[in-house]
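A short write-up of the structure that comes next.
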């Protein structure tokens, strides 16, 4: 009888702790972002610039004009797709750094189809997208199967593939695919039918290069979330990442799950490439993605590889990128400092110990409270406001 | 190093010690415990009673939330293991704390390496290890890599680690859970020697028989609190069990005679070449529906390899395996599972569970792509949750919620998750390895009941265990493995004693080929028509020629 | 970033130039030269200058230009390289009251790519870097043929180290080869190699390695056309005891190490800064030809070589006259230098 | 074909291999130390960059090359400690923290150079000099060997000594012993009273210092000035070498040397009439092939090891 009593108490407490944990996670993430911004503020102050104006640009700049909102959404689309593309292999605990090669492969495929293959209207959009996904998937398959079948280290394989593909891409854009007769280095434009419809056209507000890729990206994220949480394949990928021995024991073909994680990730990165070609540039350009591939990794890890959270992290990070650029343009804070502030924010936001520390304190305050004489009946809810002072004292004593 | 001992006081003691973990779990509640020097003190209690936590407090791995720890007769503040080690406390952890790629000797000296000016003298380390091993009677190979030696040797290496640090108090947290009976014997002999040399030993085990055998006194914990301490001589296993769980409790499971059905598992000429571990050669045996066939053998004689082959985790080199009508010889794990094989692996942490995933997810690994969980290629989270809730209920898994990660469960509950998964599919063949390793008496009894229930529901059960008592209590028939081959076969286990089986395990006696393959179709020296001989022989005369089929 | 806000026309009433750089300053050649020219315009001609650096991340360029053009803090927006022509082509029609200068490339005045207003408010200036390359090749062949390079008399090869193989760089190379041949050299004696990689114009270590390899293959002289990577060439030349030409700006002046300085025979100038300064001058007189592209080269003094004391000391008189003659032929149009465009 | 062979066997090429491999060797060995201590050092690139910048700036302003080198190594060491602190004290993900530090280094060095020298490109206007080369009297007269070995920069020598040093450290010293234990089984190390964090801090400091030497070599050995982002991805190649080398000192040594050799070869072949972008893929394609081949052979050997036993 005591057992059941304790059990139900446990259950209540567990739920309460979980709820509290979520709340703490959320509020602490916001707090760390704030802390990072404060440090950035001090950095600007230290360099003798006007931090208030700089922050105005950083924080409100991206929303000031619809064009900038478009720039933010367009950037977030690519960045989030890249984050998603690594989040999937990360879930299988495969450190794939290959988003860059997959993106370039996707971009090449999309461009080749969209430039050279005459297609009827709707197909003209979809076929290049499919080609890009396929090419990205293929580019993911190489390191994926090298890892799964041969045990070759995926970090090395993906880094090498990046180096190779980027150079081959460079060669193609400068050579065979270069627009004939142009002094500029880029390919021809994609056919008008292949262009991802700009949001401007839909909404009638000038949204720059933002296009239907954005809602498509949202759909992709949801699809990937469903894949991970609601499909057998997603289950296999998760279990493989959590404990491959267990997965194998349970009848999961681990090499195949690993390969799939790379292939799916590759396909998504390929779509990011197609988005750049069909939506953003309308053609192949050298150095297509800038540093986005790496920042995609940051976004995925910040979001703990949860596809839906990747969207939030991607929007956040892109906002920061956009705000940083505006800050550099509108104020006298130089690019270097903008980069430094971004680095500080990245470093601080990833600091997990802060939320955990708070959670631990709450738990301890909780334990102390329930130990009190009135004890049993009141349970956890009464104590959640806690006694920060007491908790602090205890922590200090350790 | 431990000159500051007050020899008059207790070697270790706790005064009003309470420990609350960061997540709010209060593992130890107001414990007062005194252990005088030179005593072997057993600490028993159910899984999660707080035994390990209390020991960690003595070893400085955790700090008490309130109360006081005494070592060497004086109150101490142990900031970490280093300060406990300095005071002469050594601990062998429940989960061994060894560096896999290091040699035995390197592990033994880790932290207090011999050698001058920041260098490690490898030779001196090996010599010191060998000398200590000699003195304590703990046989180890100092130069072997830890990940290549048996669990028993790892256990001994752990003890040597403590001895190397000149421990005066030795904490052994379930050291026998993974040892063979012989290894346990050797360990006990060594522990007694150490005690006679003045060492204080704290010994934790779920095997009350061992507790009775080795300890001077027993302290019983329940739900974090100390229930009492009794003289070993004046108590019984029954009394201890009752103290632990608060009511009467035995391990005797009522078991009707087996009702053997058709042959479910048919193994013929099975051979396997293992790159590491024991190879198997020429195994022939059957397991019928509705019987429990035990596999006895000194650990490392091919049991694990056999289990893994039967589960599809390894490929046999030669021979055939049939489960029901399916030839599973070339199939992968999924194929085996489809053929109706359930498997409780011996190491639940290694491949039995994904520790960071939820209980619910852990319960569906073999059925996540089939109805009712998955339909039209979609895995329904509510179906998975409902499935978990049902099993949590049925198997009395103690957890607040199916979404709790398995890591947060106690050992016994973790094991229940695995058994629940493997039994709930209703397997035709269940391979159960070391199912009660490290679980408390309540859970043990529970597992036994479940196994018998599965048998009675028509499953063929192959029970592999290092615990002979358990094998004899549960098996309808018994096979003995030695050096990767079958050396004994007992078709009736009534009246069979551990001693008799032990002779086969050690290779002193063996059954002849004809006896081993009697009644098996498709093997030499068999009359397919003749029913397998039952009940006709006394277990004491295994070589009875009348029972062997004529060649 | 610049110091000015988005406020309306400058209170000072000075014409305001905004230099938008799709890259960064500090490249010691192209953008630095443009900046220098406009800086001069600021101090001498009474302009107000603001610089915006967009960095090398291409995803930030178009939004950067859009923002730069939308802000009402300039009268003239200057930007360079072929990468910007599309952006300017789009933006110029949207801001018809503003003026745009494009250097080193031209917008498409035909109106096929943007330029819906035929880019009437855009002035483009391109450079005949192939003419500079021609002179470099000509001089290089003369120097080796006449064995005028001390310590390298036995060598008859020369090298060109490009950043990456893109048309602008190729234009230098094509010109160089033509000049080398015109002076009597063989094509096979010209080694051409590119830095490439992650930072083609900013990896001096690799630049040094490539130059060292070229000297090792018997090049008497290596001409780096690779931005900061080229700084590695001067180091390599100094330790190998061989020779170099500078590029874009007078690198004999900018180098600090005397051993390295002395490897520089002359520098082939592609004076973006001068061209922009001249445009600024002309704009004061309303003499800039908007809606058209101007191609400047040797004849306009936008391309040339440094003829200083050091040059005269190292290069024999006869070769100097021959070089001058070659330059005159190009200027007069009697020699047509092939181009990569 | 024979011309390629001539190139490969020439002393100039071999000397170039040593030179090109130097930063890879040092950074990769640094990455190895961190990896074995249980914290991936993705910040190698940033550590190299900061060291390169600091080295050139300090040397240029103090006039002492040694002070520059020390300053550079010190800053990289601090960055190593910072990475450890972010991981250990703030629970940051090592990979994100590493990427963050790389960003920080890129922005920070550019800012420092701009503020101090008013030059956005680098320190080429500052005379900072290079670390001395080591002439080998006696040996430099020997035909090929002399040309290859003599006159290499002192850091190149350090780079080649770093591997035996770290191998010795790992296997012979108490610190290395603890470091490996901490990286492999932190709980086991903690349970015998090893101060796990302290060891990890020390490991990351050493890792940073080695990466710092690599950076210093770039700006004070290879060339004599710092240029913005001059590491040009070398830190990531070094990281690849860490894993390609199977996390063992001599394996990493071979991998890094291989990268050096392949890059030097690509430089030598660069004048051929092949698109330069394609030539520059040679080192990476070779690595990828080597990786696949090595993994395949290991797998096959594993299978073979099993087979004979059954006979």
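A, B, C and D label the chains in the order they appear, each numbered from 1.
Heads up, the rule we're going with is that a contact is a pair of C-beta atoms (placed from the backbone, for glycine too) under 8 Å apart; a residue touches a chain by one contact, two chains touch by 3 or more.
For reference, the UniProt names are A, D = ABC transporter permease; B = ABC transporter ATP-binding protein.
Quick caveat, the model's predicted, so the values are computed rather than measured.
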item: Length of the line joining the C-alpha centres of chain C and chain D, rounded to whole Å; value: 35
item: CA centroid of chain A to CA centroid of chain D, Å; value: 29
item: Gap in Å, rounded to a whole number, between the CA centres of chain C and chain A; value: 40
item: Centre-to-centre distance between chain D and chain B (centres being mean Cα positions), rounded to whole Å; value: 47
item: Of all residues in chain A, the ones touching two or more other chains; value: 167, 170, 174, 334-335
item: For chain C, residues that touch 2 or more chains besides their own; value: 24, 53, 164-165, 196
item: Touch-based graph of the chains, sorted into line, ring, star, complete or other; value: other
item: Listing of all chain pairs that touch each other, if any do; value: A-B, A-C, A-D, B-D, C-D
item: Parts of chain D lying in touch with chain A, wherever the complex brings them together; value: 86, 89-93, 95-97, 99-101, 103-104, 106-108, 110-111, 114-115, 233, 236-237, 239-240, 243-244, 275, 277-278, 280-281, 283-285, 287-288, 291-292, 294-296, 298-299
item: Sites on chain C touched by chain A in the complex; value: 1-3, 5-6, 24, 52-60, 62-64, 66-68, 70-71, 82-83, 85-86, 105-106, 164-167, 196, 341
item: Touching residues on chain B, where the partner in the complex is chain A; value: 20, 22-24, 26, 63, 65, 311-313, 332-334, 336-337, 343, 345, 350-357, 361-362, 364-366, 368-369, 374, 377-381, 398, 400-401, 404
item: Sites on chain A touched by chain B in the complex; value: 7, 10-11, 13-15, 17, 229-232, 234-236, 238-239, 242-243, 245-253, 360, 363-364, 366-367, 370-371, 398
item: Touching residues on chain A, where the partner in the complex is chain C; value: 65, 67-68, 71, 75, 78, 167, 170, 174, 182-185, 208-209, 280, 285-292, 321-322, 325-335
